[in-house]
Amino acid sequence: MGGLISRLPVALHRGGRLSRWWVFALLTGCRPTAAPAARLSVIDDAGDTVRLSAPARRVVSLIPAVTELLFAIGADSTVVGRTAYCDYPPAAHAVPNLGDGIKPSIETILARKPELVVLYNSGQNAAVAGRLAELGIPALRINTDVLSDVPRVARILGRVTGHLPDADSLAAVFDTALRNATAATSSGTRPKVLLLVWEQPPMTIGRGSFLNELVERAGGQNVFADITTSSGVVSVEAVAARNPDLIFTTSEGPSAFAGRPEWQVVPAVRSHSFLRVSGSEFNRPSPRAPAAIRELADKIRAVRR
Amino acid sequence: MSTGRGVLLVAAVAGCILLGLSTGAVALPLADVWNGLWHAGSSQAAIVRDLRAPRVALAFLVGGSLAISGAALQAMIRNPLAEPYLLGLSSGAGLGAVIAIASRAGGPWSVPAAAFVGALSAVALVYRLSLVSGRRLDPHVLLLSGVVVGAFAGALMSAIMVLSDAPGVRNAFLWLLGGFGTASWQALAVFSVYACIPAGLLFFHSRSLDLLALGDEPAHHLGAEVDRLRRMVYLCTALLTAASVATCGIVGFVGLVVPHAVRTRFRPLHRTLLPLVFVVGGCFLVLADVVSRTAVRPLELPVGVITALIGVPLFAVLLRRTIA
Amino acid sequence: MILAARAVSVRYRQSQPLALQSVTCEVAPAELVAVVGPNGSGKTTLLRALLGLVPVEQGTVLIDCRAVTEWSRRDLARTVGVVGQQEEVVFPLSVFETVMLGRYAHLRPLDAPGPRDHAAVTAALERCDIAALANRPVDTLSGGEWKRVRIARALAQEPRALILDEPTASLDVRHEMELFELVRGLTDNGLASLVITHHLNLAARFADRIVLLNGGSVVVTGSPGEVLNREMLSRVFEWPLAITTWRDGSPQVVPLRPGEDHL
């Protein structure tokens, strides 16, 4: 809408019948040029400006977090394609599965006749987005890496699907819930948590990942918060030296490491202080994050007792 | 070998071991390291005794094993550029590891065991492919078969990694790149007991290796059972390398650069070459492991990457010296 | 007889004709036998048959009166020394170490070489006149020197028979003569020597007996004077030749050019 507003003063300034005709044309959204007016204009996370003539009614979502958000803001009827990992909410299973979303097949996407495609902002997807744009389909590249992406992306999706009021209210609710769920940080008694995502070699989560934020908000302290990337390979020695109180793993992560001899050096392994969670809310930032934080906080408190 | 050189060698080994014990993801002063070695109980002791000590020992043994495998293979194939991984071993091990992860096989030892089996299967296939005219192992065909089998296994591995939805299948790459992060006294015991026999056999046949290095016909005329020797060298090399891969993933260049460097510098008979190469290879890998643990603390770089980064320039220098 | 191939027939593959047909070749101690013949006449096959490297369809091959198939590799290496046509060096050792490798068949795997071995090696080095080169790496030697190192290595085996396959290939006249003088000297000391050679004239000067092969069969065996017959040689080698006699009585072959007469 910003574009329309800015053109108005220029047109009026010109004066005369021509200018009035311009104003009329602008107000009715018709222009004497061949291209249709881009009503919606959004700058995506890759820096491109994506233009839509109207809110999209058929959206292919290749990001599980985005699928979840689309359902959450009431735009579920617009979702015509999803990835195999889009498992929440359960209603999403009714949407056709277009593959794993990592190397999207343009043909499969086109078969769904989308008006908009949402992809993850990776280097690989730049080529896919370009190809889709050439074929006349707007492609939105989005980062869904940290918790602050949830309200931000919700608003973007609200704009492009015409559900902005719902998106705004979701964002507000999310921010409040997040604030409430965040445990009060009592100095010095935050348990040290190791976030382990792989065992051979041991891989942990750094502060670049939303999981780090989840744990910290739940009252824990990531022993490897000094790693700036989202994940990194470390050694058992480093883990032993930092002596975590709890070891956090998800259901898709390592399980057999506890039996291995070299891990016995870590006291938390010897005392079986494991924090195991399951559920896709731990795989990606989503509106369920505040609930996930509460669950984690309860578990952490239970172990401490 | 003169006593002066012998003393130097022992000092080098001691230095490497000390460096390996005193460096790591955690900065420990030497006094603590010493304490940790001899007095149990402190947390430093746990790190030094249960993590660093087996790790350094394992790195030394694996480095030595890879180096003597390389030396023996070079003699057998009569090519100073031969590496144990030329026999298709690395891709076979990778395929085994990926299959283990993709099939969600349980147990902490499933991946190394599968890698071991994969490596040996690849070697058996290469052997079968390269049997020409009865019982002989022709070196050229051996190398070609190794490349071909390696490519095949690599393609299968990539296919499984793309198609499988098992979690962590893509992490198989990380394991393959090599690392001693999972070293333990248990792993060390398994490796030593197992590697004794092939390593021992190679040492025992040092003089026969000298003969093999002359060529099939001269070796034959001088009294060596060439076919039997080749099979033995092939089997021992395969076993040692497969065990190394199962222990710590794919660590290249040790089997290539270390024998080459020692041969170029000293030109010894295998009786001296093999022990020397074992020690130098062990020190090399211990040092590479130190770098992998300390370069980007607390993160760990794969050891295979370090050996390649050091190995390639070292190889270039050696090449220039031999040509000059 | 140390080396004895009697009526030996060899066929490489079922479908192929015989590579050797009823060939007899015997070498006694202190005897130098030269095997000559055109390319493809079976000289190399005869060598392989003598060493048990190819299976024999008919006939017997005896090394020191025992069938070659009954000999273990090690025992055979202690009895027969072989110097092949070519040897490429990939991992150069010193001359001394190379010649010491000849003691392989005499040493057990973990034994270090003893005084007996050192004596054998030193004797071999001196006999081949390369004692001064003992510490030189073999990749710094000339062709002739390298040949002599290999002969020394064969001598270090302390064999009773010596087989040389084309030993004068790519050697200049001085080294050719030195080599044959060496072999003659060794033969006079009691070695049984079998030399496969292209060099008819040197064979005539140095050998006690010559075996002429053609197309897998023996054409004639006998002293140089008996074998180097003009008509027979011209027929076998398919080239007009003339025979002259050198001062020591040995026949010397002179190939003719077109238009030349043998008289």
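Order as written gives the chain letters A, B and C; numbering starts at 1 within each chain.
Criterion: contacts are C-beta pairs under 8 Å (C-beta built on N, C-alpha and C of every residue); 3 or more make two chains touch, one makes a residue touch a chain.
All figures in this text were calculated on a predicted structure; none of them were measured in a lab.
Taken as a graph of touching chains, this assembly forms an open line, each chain in contact only with its neighbours along the path.
When chain pairs are compared by their number of contacting C-beta pairs, A-B comes first. Averaging Cα atoms per chain gives one point for each, and the point farthest from that of chain C is the centre of A. Chain B has its Cα centroid 43 Å from the Cα centroid of chain A. Chain geometry summary: the mean Cα position of chain A and that of chain C are 83 Å apart.
Listed in rising order, the residues of chain B touching chain A in the complex are 24-26, 43, 46-47, 50-52, 54, 106-108, 111, 165, 167-168, 171, 174-175, 179, 181-187, 293, 297-302. On chain B, the positions that touch chain C within their shared complex are 74-75, 78-80, 204-208, 210-211, 213-215, 217-218, 220-225, 263, 267, 269. The part of chain A that touches chain B in the complex is made up of residues 84, 100, 198-203, 224, 226-227, 232-238, 240-243, 252-254, 256-257, 259-262, 264-265. Residues 51, 53, 73-74, 76-78, 80-82, 84, 87-88, 90-94, 97, 101-102, 104-105, 107, 109-110, 137, 150, 153-154, 157 of chain C are the ones that touch chain B when the two sit in their complex.
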